[in-house]
Amino acid sequence: MATITQVSEVSQNDYSKHGLTKEILHKILRKMLLLRKFEEKIEELFLVKGLLIGPSHLYLGQEAIAVGVMFALQPDDLTITTYRGHGHALAKNVPTNLCMAELFGKSTGNCKGLGGSMHVAIYPKTGSMYATAIVGSGIPIAAGVGLGLKQQKSNKIAATFFGDGACNSGAFHEGVNLIALWQLPVLLICENNKYAMSTPVEKAVSSPSIAERAHSYGLETKVVNGNDVTSVYVAAKEAAERARRLSEPTFIECRTYKMKGHGVYDKGDYRPKEEVAKWLERDPILTFKNRMLNERLITQNEIEKMEASTQMEIEDAVTFAMQGAVLPFQEIHRYVYAEE
Amino acid sequence: MPRLDPGMQSGKIVEWLKKEGDAVKKGEPILVVEGEKTTFEIEAPDSGPLTKILAGVGTDVQVAQPIAVIGEPGHATHPIISPQKADEERQQPSAAPAVTSTSSDRVIASPAARRLALERGVDLTSLKGSGPGGRITSEDILAARQSTATAQTISKVLQPAVLKKTKLVGIRKAVAERLSFSARTVVPVTITVEADATKLMAMKEKQSHIGFTAIGVKAAAKALEKHNSVNATMESDEVTTYSDINVAVAIHTEQGLVAPVIRNANKLSLKEISTEIDELSRKAADNRLTIENLTGGTFTVTNLGAYDIESFAPIINPPQCAILGLGRIAYKPSAHGSEISARPATLLTLVFDHRIIDGVPAAKFLRDVKNNLEDPEGLL
Amino acid sequence: MRELTYADALREALREEMLRDPGVILLGEEIGVFNGVYKVTRGLLDEFGPERVRDTPISEAAIAGAAVGLALAGLKPVAEIMYMDFLPICMDQLSTQAAKMRFMSGGQLKVPFVLRTQYSLGRQHGSQHSQFTPAWFFQVPGLKVVLPSDPSDAKGLLKSSIREPNPVLFVESGLLYRSKGPVPEEEYTVPLGKAAVKKKGDDVTIVAVSRMVGESLTAAKKLEDKGVSAEVIDVRTLQPLDLDAIVESVKRTSRLIIASDDVKRGGVGAEISASITETAFDYLDAPITRVACPDTPIPFSPQLEQMYMPNAESVVQAVDTLLGR
């Protein structure tokens, strides 16, 4: 019988139970810092330096979800995400250089400059299988991936990321139905950041909550504080194990908030100022840093070292990207069909 | 309107043998057309009702323009209806209609036909199309090469087989133009006299290197000294007589007729004249005559005697006012009193421009030329 | 040679490829227990089990999306969309996702799957269950579109499509499922991208698609009696299109007709016509003509439907008009 559970905060005592060693916690923080600094750099390259062009959807404020889930998964698990995918790409270990070059449209990017910001999370080498720009369309694909893994009796599982807006699309319904019906090994990670572009969830979702909607499909459902990386991690870890062992899917609604607007140019003025301020206080990186400091699991010095090294990594990535060349035009014909 | 002979540009409708609405049979004469040189009966190219007559009696119609319609509109495909006429009435295929041109200059031919026509040097305007709406197709081009009759001719007159076609260029063209001009402006009068050639023949036996043309030149030049009204040119309405006597000699070359000038012929000996004629002939054959050679003539001598010509009336070489033609030297019957005997003689023909010279002065001049020729030793 | 129905030939192809490659999975509505609405998948559930022959809910987007996902996971799905009319429901997965994944990923992704579908024009199924719309898909770079016209090609082309490393839309002709034809016993495939000259001729080229191939062959016989020698070319695949074969034929015959079951406006004939005009203009003796359906939805009434569909007589008339008879 499927249940909806509210995932509670993880107490320090339980860290080791969930495999959260100090080393891993440091890695988690560093990864979150990488995501944050990457997105800040992208914002600067767009709005201040004018070096980047096109749509770009920043992951600022949602770092706990991508990082929490990816650390809970095994490295070779397969993920399908969306156009708000810079965070998922970096969290799934797509090299920072290649991501930056892809955003610059260079042939040295992981998609040879043919995909861009909305498809930067495509890097099968590390299991980041796909990123779609069509809202909701990743879910049926995730069903297929899960089915394929189950068919091959693989030890791998699939996880797909989508927003609150996707929950109203036909593809969501068809995909979720199939995943639940066939009990496929898929984690359905809904990043409910309360707004689909400028449309708040209350004005879009008819169900009392997204979790209840998911639960009505017969899915094991969890609701978790999407700004608390350890909660996300624990929720995802449990779901992953169940998927792997029993081929049972789980729907995890992560409640979070975008620090900025929908796309890099969007100021998000449609959101009430107090709401924004309240959520900024719950900045996932700030709160995690403070907790770790309080729990004496990290020093200020170590934090500063991390900040510096991640910043350097970003700067190096920009240099790499700017040096790259654009794909010669006639080459585009080579990428339409596979030969073998 | 068919092209009934090669030079025909237009034809005049003389008579319609059938009237509108009559049924005509293929091959049946239906009208009479007058071309540039003759009148022809035109036969119906197809059977059917003579639906419409487009040009009435007395009208002049350009070749290839329509003069009548046989049959239902839209089915006409024959040359009495010009293939160049745009055919809006043809049946449309189920696809979008093909391009119909309303310009009467456009030949409707398929892309394949145009390519083949270009490759094979076939003139599209000479064909009738067998495709829908009279479209010329590649089959028509391929068939055109194999047929011996051209599609345009429908009367009984056939074109003669062509050996070669040459455009008038260069010297030929210039000569043609000059002669046309002469024919149009000059008022020529021809007078002939027979000269006794006994002494001439005797002298030629002794001096075989001196040609008859040279003798003729000298004879004329000497006479011109006494008749300077004949040594003249006319430009617009001004006549110029000259103290120089420059006699031009007509020389035939491969490229055409040239008339290089022997300057001051009256002052040269016969031998000198003969040598110069040879020299000029050689130069002419090699195409090395200069402007100087070809200008400044005041009188021309031309000799066709070597070709058995008795006499001829040459065309005056404008702007000169007279020309002397020499015929053959041969034994001719001659009367002395009432006795006929054979004597060597030659006919001299002078053509002079009556605008400039009158008959009597011309006759006096010619008589002197004759006298000079009859006593050639005096010319040496 | 033995004769099989078009449907049985397709089944043989599926079965042989499923035996050859354990990664081949079938999914679709009514393909298992019901044995397939047109019996193409008859007996396959019994032979291969429910994990390889999967009945799905009525979820075209999920069926197509799952096919994409299965391909990403390394398997070889053959999904069935019952009627071509349902393809717009999963158009996103087919045209926006699958077709573009290789390109957008800069060559990192490969999406090998077959989406089988059929069109029921001629079976009185009405406007919403009869459409033939290959033009919508062969316009999408990244998709391949295959249309067999007889049992032997159906088997050979389906085998090639299953082995193809790209997304393939495999369009079957509903009216032809029960038609019979010779099918070789030994293992064979028919390559994608090679048209077949099914009848040689000199006077006119008829390029035909799917069901119209048979109609064009019938038309060609009638034309022979009238002294017209028609060449009939079966495109077999619209993408990749064997344009060279058509050009070679047009150069010899100088006249081209394109016969297909789709609506004329913007149909496959329009593209082929434009391509041939560009490449073989100087060899044409007549405008390129299309034989297709009128620009209206398909009427139900059986008599009206018969008048709506092109057939051998339509092709004969088109040739007559082309030749000015």
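A, B and C label the chains in the order they appear, each numbered from 1.
One rule holds in what follows: a residue touches a chain if its C-beta (ideal position, glycine included) is under 8 Å from a C-beta of that chain, and two chains touch if they have at least 3 such contacts.
Remember, it's a predicted structure, so these values are computed and weren't measured experimentally.
The chain pair A-C and the chain pair B-C differ in C-beta contact count, and the higher one is A-C.
Here C is the chain whose Cα centre lies closest to the centre of all protein Cα atoms.
Here the spacing of chain A and chain B, counted between their Cα centres, is 97 Å. Separating the CA-averaged centres of chain A and chain C is a span of 41 Å.
Per-chain Cα centroids separate chain B from chain C by 72 Å.
Chain B makes touch with chain C in their complex at residues 91-96, 98, 110-115, 130-133, 135, 137-139.
Within the complex formed with chain A, the chain C residues making contact are 25, 51-52, 54, 56-57, 59-62, 64-75, 77, 92-93, 96-97, 101-112, 141-142, 144, 165-166. By the touch rule above, chain C contacts chain B in their complex via residues 254, 281-291, 317-318, 321-324. Those residues of chain A that touch chain C in the shared complex are 78, 80, 109-115, 119, 122-125, 129-130, 132, 134, 137, 139-149, 151-152, 154, 158, 170-171, 174-175, 177-178, 181-182, 332, 334-340.
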